[in-house]
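Next come two complexes built around subunit A: one with subunit B, the other with subunit C.
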Partner chain A sequence: MNWTTFLHFTRGPLFQVSLLIFVGGMAYRLVRVVLLGWKGDKAPAKGSKLAGVAKTYLKGFLIFPFIPWVKRTFNRNPIMYLAGGLFHLGLFAAILLGTPHMLVWKSLLGFGWPTLPLPIVDWLAAASIAAMIALLFYRRTNSLLKLLTGPAETLNWLLVFLPMVTGYIMTHHLFFQYEVLFSLHMLSVDVLLIWIPLSRISHFMFYFFSRTIHGVEFGKRGVTP
Partner chain B sequence: MSEETIYQRLEKNGVSRRDFLKLCGTLVGAMGLTVPPLESSGLPGHLLTEDQTIRKVAQALESKARIPVIWLEFQDCAGCSEALTRSQSPTLIDLVLNTISVEYHETLTAAAGHQTEENKQSIMKQYAGQYVLVVEGSIPMALGGAYCTIGGRSAIDILEEAAAGAAAIISTGNCAAFGGLPKANPNPTDAKGVWELITDKPVVNIPGCPAIPEVFTGTLAHFVIFGALPELDDLNRPVTFYGKTIHDRCLRRPFYEAGKFANTFDDEGAKQGWCLYKLGCKGPTTHNACATIKWDAGLSFPVQSGHPCLGCSEPDFWDGGGFYQGQSAPLNRPAATAVGAAIGAGAVVGAAMAANNSAQKKRAAQASEE
Partner chain C sequence: MQTQKAMNTFVKETGGWVASQLEACTRCGMCAEACHFYQATGVPEYAPVWKVELLRRAYEQRFTVSGKVKLAIGIDSEISDEDLLNWSSYVYHACTVCNKCSMVCPMGIDLGTLIHDVRSGLAEAGVVPADLAAAVQKQIEEGSPLGMTDEVYADRLEWVTDDWEVDIPIDKEGAETLVVLSSIEVMKFPQNIAAVAEVLNAAGENWTLSTKAREVVNFGFYEGSHSHTTLFLKRILDQAMAMGVKRLVVTECGHAYDALRWTAYNLMEIPDSLEITHITGLLGEYVSSGRIKLKAGAFNEGKITFHDACKIQRKGGHINEPRQILNILSPDAFVEMTPNREEAICCGGGGGVIAIKDADPIRYAAFELKIDQVKKTGADTVVMSCSNCRLQFTDGKEHFNLDWKINGLTQMVADALAD
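This part shows the complex of A and B:
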């Protein structure tokens, strides 16, 4: 098997299988969470739940994360705030606004969108990678985080780091032939896709559930059981 | 084949000594030869010129006799032969065609039928162990090779017979190298490239659809002059010509870096000559010399004339994703039914687990009440 054949395998059948496992796995997780149920109010609550949800998204998701001094995370833990923020920003810029990734979405969804020039995506991706390294270092040195870190957390970090670093090296045509890095990038993405439903990386979906529920609780005025 | 040297033959045809040396220089350039022995000699820089290499090539051509070539065609379109014979760089091609003597070539030969086959047999006997075997087209292995027969014999049979006495084998074009178009999914004839079948002889692959004439002749010239094949990569392609990708040497590369892409074949980007990546260009994974040697005497190559690279020098390029689909995209999109089935299966298992859990919870609640 040569690298071109291996690339065809990782871009073809393996990607398809990984994608199906990802989709099926996330459907499973979603149904499990939704069917956990939601306790109704025993007495009608005052206040608007919808307004609470809107407010929590606006403040907590769209505004406050970008104004550092209002966030407790920033005051108490600037590394976590900055590195965590940069990582997510770079990650989403690369996978949504990088041209090669947009073409992946286009082939799957049937439509595309304008993308950012390579140098911008490139710097954001580099910042992301640096942030990930900083976060790993922090996780390894902070006494509280050390207690919270098990093999699953390390694996989460590694399986996200590998696609990012292979993608970055590939874009810069460094060290190896392009198809070698392309194959490794695709292989790491395939493994990540399978791993996501099994891991806490699934927070990309459940984050919105928890924030919505918090919003409802925030908007409600009354006694909660 | 006469025993006169290549230079004597050229001289007879009216090539002056000056022109001969010029041609040697062209050959040195075409083969991408440098002067490594001199570089390590510690001589001052101004003495390290290509003259030494040119002299070496000239000496070889002056002293060597022409090399007999047997050219076999199997599941092919004769496109590689066409490209070579209609090449627009006559000096180089002429030179190389003067340094070899094509003894058997089904498309070019004047004779036909048994006469040609007998001639081939006698050449193979006369020059056993000396001739270069050029193969164009893939070899079908299904049904005992019945998909391609010549004179009642299967392609694999003919290939094995000719390969046995060859000094080296050159597979020209993607078909002979990697199976090419005949090997495209579902590969009904079980087509294979030469190097998958002949493992006891040196095989050099010159993939492309067709192979670039200068790349073919450069490789052949290397064999004629040095008596050995050039340095090969892991797919047995000469590193000189296949060491870099189209993307590495592409004239549109700066637009790729700047994120300026043509989105359709007739938009402003296409008119401005921007990068064709979004239109499916396979340049980043395609190793070939198109972007430097180009075609038609260096006039142009596909990307320069506005068409994305198809990746025709890579194995299985017909099955490497749509020609006009971005290279980063997965090879195929999973079928909607498969996605639906995956979601359905996930949801059903999830619901069953949830039902089981809630039943368990109820039982526990009842038990605690009792």
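This part shows the complex of A and C:
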């Protein structure tokens, strides 16, 4: 098998299978949790639950991950905030606003959108990669994070890191033949897609549960979340 | 055996509400920065996320594929009796269930409630610190964890009535408002009882105390046991319903308010006609509506700061009322701590921690954060609306030799009533 056929495989059938596993796996995770049942809360509310939810999303999306000093308590932990925020920013910029990726979305969804110029995506991706390295370093040195990090957490990191670096090297045509890199990029993406439903990277889905719950809990008490 | 009981409780508690939040956690550790016990000691096991680890393991092992795989290949192990003992010391000794961590968690996980669920499992398994278990037993038998028996209660009330020369209606027929005191007030801060009475009388409230519903403190709620929590709640609520009162007022006690205002509704039937509120809310209402008049500037000397109680302010929502009142009583003297309001740092004594002798060293360590905060404001008086916080402050004041004045909000209002 040469690299061209391997690329066809990782870009074609393997990608499709991974995508199916990803979608099916996430749906399974979602259904499992939802079917565990939801007890209603009978305590009369003091404030508006809806207002609480609205506020917490605004804070969560716009402010929280990126500005560490908005809430005074985390002066002690700027690395996680800045590096974590930067990593997600670069990640989202690349997978949503990078032209090759938008085209994948277009083929899946049937519509596309304007993308960012390559140099911007490129710099964000570089920053993201640097942030990931900082996060790993932090995870390996901080005593609390050592306690919280098992093999699964390290794998999470690695399996997101691989597509990031292969993608980055590929756009710069470094080291290897383009087809080799493209194949490796696709292989790492396929592995990631299969891994997500098995792991905590699924947090992006449950984020919407926990944020909503947070907003409801604070809103019903009439407290700003 | 013990673990089985804890597991069963965890499983029973794990509905979508709990599971979706456990799933959302990214194990980033940011919540630790919020926790005064972690900040004060640096012990990694005191991180909020680690306190719910037991619940997460139980959930994953029972409900998820990855949890079963981890168990099978030995990355995770079955929960052991030793685990229960360890977690007992994390969630009872080193947590006041103040829920500050939930404000810092980037996923917004309601950690305080999840930690309470961990306590529930441990309570079912009987792995509760001895001091706390003894207090619960005492409350079951004597009606109060602080030794406030029927006789003591009657004596203390009589004494307050005489000494402070104030009318205190007891078991009054046809009263619309039932006030339930905490034994901390009755035993340690009797001046608070007089203050409550003075304010309610001045407002012309048709109120009463009860000899049956006489203890608002709920050590079952600290412990996390549903059956004990319900037992103690029913002692109050059954009486309130039998008397047909319209309003139940919780005095300066935080966790009792949490239990009655937010939890009781999900444990028993409570008619819509009964309103449950906190004395802080009532004070705000009286001042806004003009039912009581305050001497403006009555406490305007020096510097006065307000300590937000977790269960009354952050979890109870009575954040504005104390400010409204202090801005009248102490327009120039009142200064805020940083952070404050819903983001305030807990005093370190709530959640039953102050009742656990073994927790004393970390309780004092956590209080040092509070001392620091108060010192930065330059205040000489600290006011609060929770007598459990007040107990922690008076104890901390003595322990650290602080020359602060500690005051209760209701008491200040009573002292500043305009005739």
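In the analysis below, the second predicted complex is superposed on the first by the 212 of 225 C-alpha atoms of A that agree within 3 Å, B and C clash if a C-alpha of one lies under 4 Å from a C-alpha of the other, contacts with A are read in each partner's own complex, and residues count from 1 in each chain.
Definition applied: contacts are C-beta pairs under 8 Å (C-beta built on N, C-alpha and C of every residue); 3 or more make two chains touch, one makes a residue touch a chain.
What you see is a predicted model; the values in this text were computed from it and never measured.
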What does the overlay on subunit A give for subunit B and subunit C, a clash or a fit? fit
Is A:R29 in contact with subunit B, with subunit C, with both, or with neither (first, second, both, neither)? both
Quick one: classify A:E153 as touching subunit B (first), subunit C (second), both or neither. second
If we overlay the two complexes on their shared chain A, which of subunit B and subunit C does A:L108 touch? Say first, second, both or neither. first
Based on the superposed arrangement, let me know which partner A:N2 touches: subunit B (first), subunit C (second), both, or neither? first
Is A:R11 touching the first partner subunit B, the second partner subunit C, both, or neither of them? first
Looking at A:Y81 after the superposition, I want to know if it touches subunit B, subunit C, both of them or none. Which is it: first, second, both, neither? second
Of subunit B and subunit C, which one touches more residues of subunit A? C
So if I take every C-alpha atom in subunit B and every one in subunit C after superposing, what is the smallest distance between them in Å? 5
Both subunit B and subunit C contact which residues of subunit A? 29, 32, 35-37
Using the touch definition up top, name the residues of subunit A that touch subunit B in the complex. 2-5, 7-8, 11-12, 15-16, 19-21, 23-32, 35-37, 99-101, 103-104, 106-108, 115-121, 173, 178-179, 182
State the interface residues of subunit A toward subunit C in the complex, per the touch definition above. 29, 32-39, 41-44, 46-47, 56, 60, 64-65, 71-74, 76-77, 80-81, 84, 142-153, 198-200, 202-203, 206-207, 209-211, 213-215, 217-218, 221-225
Subunit C contacts subunit A in the complex at 14-17, 19-21, 23-30, 32-34, 38-39, 42, 44-45, 47, 49-50, 63-66, 70, 75, 100, 102-104, 106-110, 113, 261-266, 272, 313-317, 319, 338-339, 341-343
Within the complex, which stretch of subunit B touches subunit A? 234-235, 245, 247-248, 256-261, 277-278, 284-285, 314-316, 319-321, 325-334, 338-339, 342-347, 349-351, 353-355, 358
